[in-house]
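Sharing a structure, written as structure tokens. Questions coming.
Labels for the chains are A, B, C and D, by order of writing; each one numbers its residues from 1.
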């Protein structure tokens, strides 16, 4: 499987013959499908699929795949994305003061759990600059307050462009982004430290403690202009008890946050996530 | 362990020597403690404990235990309950149309997973009458609508008194009880088909589907006049995916509801649950 | 989706074009695929797929589907099964003295969690006869000892034929079947009360207690002549602690056994399970 | 709670009055108990308890606590340990080539999830020397082969003594220690990458894949001379499916290993683990 692959992510109004049509497109051009996943949302009458095939032996040159597939997709009103496995996406990690998600993403990157470059860390605080230096990643300190937000967001956007960033990962960034920013750069994954939609907003562990829940969670989701309401990619939970103080919830939650964020980032980078409406299909 | 036991559930402003004082009370009277659990809520400055000891060999006659312990408890401002393991509590199960929690509680009762009598089922619908008859339990059909609620609640209360009910279990009763009713009969456990506080109120599975969550849950809690906001006794969750339609969430949720409700009822009946504020300590 | 469907389960040496070929077969005959799942085991060089399509509008009459598909399958060396959703499979439940899995399967059957008929219960003990009668299912008492095993198995086989049974569910049957019996009737699902391959054989909860594990499990698997070593369909676990005696493990384990067995039976009945080697693919 | 505390871990043949006697010892000397946990193993007729109290205000000087308590413990045939929260234990982490558990323990140490010093890393390989240097920890390279094992173990023991090590953590050390070594230094926690007792020994993920399990696990345990058979401290699991290759099991397993090992080390360092026979009580 060392051959580079192409991946099509397609969502399309449901109709007869879609599996055959898409598979034929690849087969007719000499492609060897290594993963094919489908899902039909019957309520939404939507067909969603992910097709990954080996480029070695595929008769269409890369630059012709998109136009050729478009000829099939357009009459079906399909939306689609095409990705190549040897195009390495570039990530910016945004942090505040907490280091657990940052460390974890860096460790997984070194362990080759996902394929990406991490050239940029942005933070509204200074403490993690040292970590960035330790691992040779550029660190830009852009402090945010209520007066300078728009102007600082302009700086952030400029950096994302300069560094050719494909995905922003909010690894406990703890700031709300403006709707305008999100519109200009919509590829953002956030980790929220609660089992959404419970405990939206600030201090979820404190709220969870006060509510006396017996299980806490963490949620990775795409960021939209609605606070903590974007499409959920991954969630996980851990059991707590009356013996756990707020600080125990925070400690236990960190393990959740690390794992949930990492799974979501990995699924996204492997082009396994299809968003439609406010929902995701995550092909595993 | 066939000897009957006494159990004290105590909550008390925290201070030095409480473990010793309570244990001494039992030891000095010849009691053999078989379970002793403590918890200190440092924020609330509250000490909570559960002590269970064998009555065989205990020098105080049963009727003197309460007054004797009160002499210790009063100067400490302790709240406490005393239970005997051979006093069998009486449960009324309230249902609507769904049978899974009812069947499950009846099966567990037969399997001796908890000690109780179940002499009464109350329902606002007729379909489960047949189940009640099959297992020889009285079934009272008390239909509720917005006009007759108060008057029907009076009938329900009367039945609880007649049947000498100690605990009401809302096993998917699907009706909101009035604050007045709850004030008059506060020992009520409800199963809510979501991971509270997410999806309070009606149709939680539909809401969970629309939100696109990756995990669903169920919550057993004591009923208070705030809808779905009473002290949580037990919660559990199960993973779902984009492949699960609303009807799959409902099906998977039923297994959660059965187990979570059963655990909560069992803990309550074994006098393992201590409520303080809107929280519970569940001694396991 | 009330239209009846056909389902093909196919395993086939991997090669280019399989997704297209199988999808084309259905599409070319006017079929509307509602579920398509594939998996490639790269180590085994095996392609496994499940295709389900609506029969309404499908141009091939039912009796011609198998021969028509065979013409495609044979040159590919594919193994395959064809099922129709309106052919209701017939289950025999085999029990010993414990009732929890039996009750659970009966309840799920009534709740329409799976489509099947349950005309027959076989047991080596008498206590559950009453349950069978309560739900109107024939109960055959076939006591087993080391001397009469072969002869009793002959009776069991005869019953399976008379009742036209498609699937035997060992719902805590607690007896080992002979290799000869399994060869003659290989469609058997067993629930083993441990997290296999830990604690093969008798008394797994006792063994789990002695080993001091912190989690217990249950395993549903197809029965082969190797004890507790057949292909695993489903497993689940629950946390335990030092507070749990053997009897608590047994009680907690019952909930696992019920759920794990039910999930496995449902997946099997929906033709979602493909066995190859000693492994299963369970398409969800 | 910033006051230093003392902790007694006691196991004792069960008899009447133990809770009272031990609590009285602390109360009579002016101690304020902040955690009291008990467990009775009725089969073993053993009483196990953990008592933690504040030293501020305690009338007995530290050096007299042990002899004073011994006067109580001896007639009861109790085994006990006394620990002070401000005595910082010293850990040696032993690694091979994999870095995930090492990184994780270092991160948790920096995050103050547990109180300890980590002055020493021992490895039979060189690759992680760089990590040790990055975090300023001494790294000793002691390669092991079948011929030099005893002699190298002598070097290891010498290092443990020189560095005044209290606990060895085998963080994927991948070597079997001799019975002699374990006898001389018995405080060793190992992380095994399977849900013990399934898949004892080498290559558990490969074995798990071949067996076709649907859940994998990890186990932290004290090391004894029986391979992978020592008292279990903590276990956890994660669901896998047919889509997971061996390398996916390894990747998913790493997250388990990190968390399970960290929980076990933390419980041990907080003196929450009591070993008796081949079992543990972990007071939470």
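The rule is short, and it goes like this: a residue touches a chain if its C-beta (ideal position, glycine included) is under 8 Å from a C-beta of that chain, and two chains touch if they have at least 3 such contacts.
Just so we're on the same page, UniProt names per chain: A, B, C, D = Formyltetrahydrofolate deformylase.
Everything numeric in this text was worked out from a predicted model, so none of it was measured.
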**OP:** Name whichever of C-D and B-C has more C-beta pairs touching across its two chains.
**Re:** C-D
Original post:
In terms of residue-numbered contact pairs, which of A-C, A-B or A-D coincides with B-D for over half of them?
Top reply: A-C
**OP:** Could you please state the distance in Å, as a whole number, between where the Cα atoms of subunit B are centred and where those of subunit C are centred?
**Re:** 36
Original post:
Distance-wise, how many Å sit between the C-alpha centres of subunit C and subunit D, to the nearest whole number?
Top reply: 41
Subject >> Sequence positions of subunit C contacting 2 or more other chains >> reply: 42, 241, 243
Subject >> Overall pattern in which the protein chains touch one another (line/ring/star/complete/other) >> reply: complete
Original post:
Inside the complex, what are the residues of subunit D that reach subunit C?
Top reply: 39, 41-43, 195-199, 210-215, 217, 231-237, 241-243, 245, 278-282
Subject >> Footprint of subunit A on subunit C - complex, ascending >> reply: 1, 16-21, 23-24, 26-28, 30-38, 40, 42, 239
Subject >> subunit C to subunit B touching residues, read off their complex >> reply: 99-100, 103, 107, 111, 113, 134, 241, 243, 251, 254-255, 259, 284
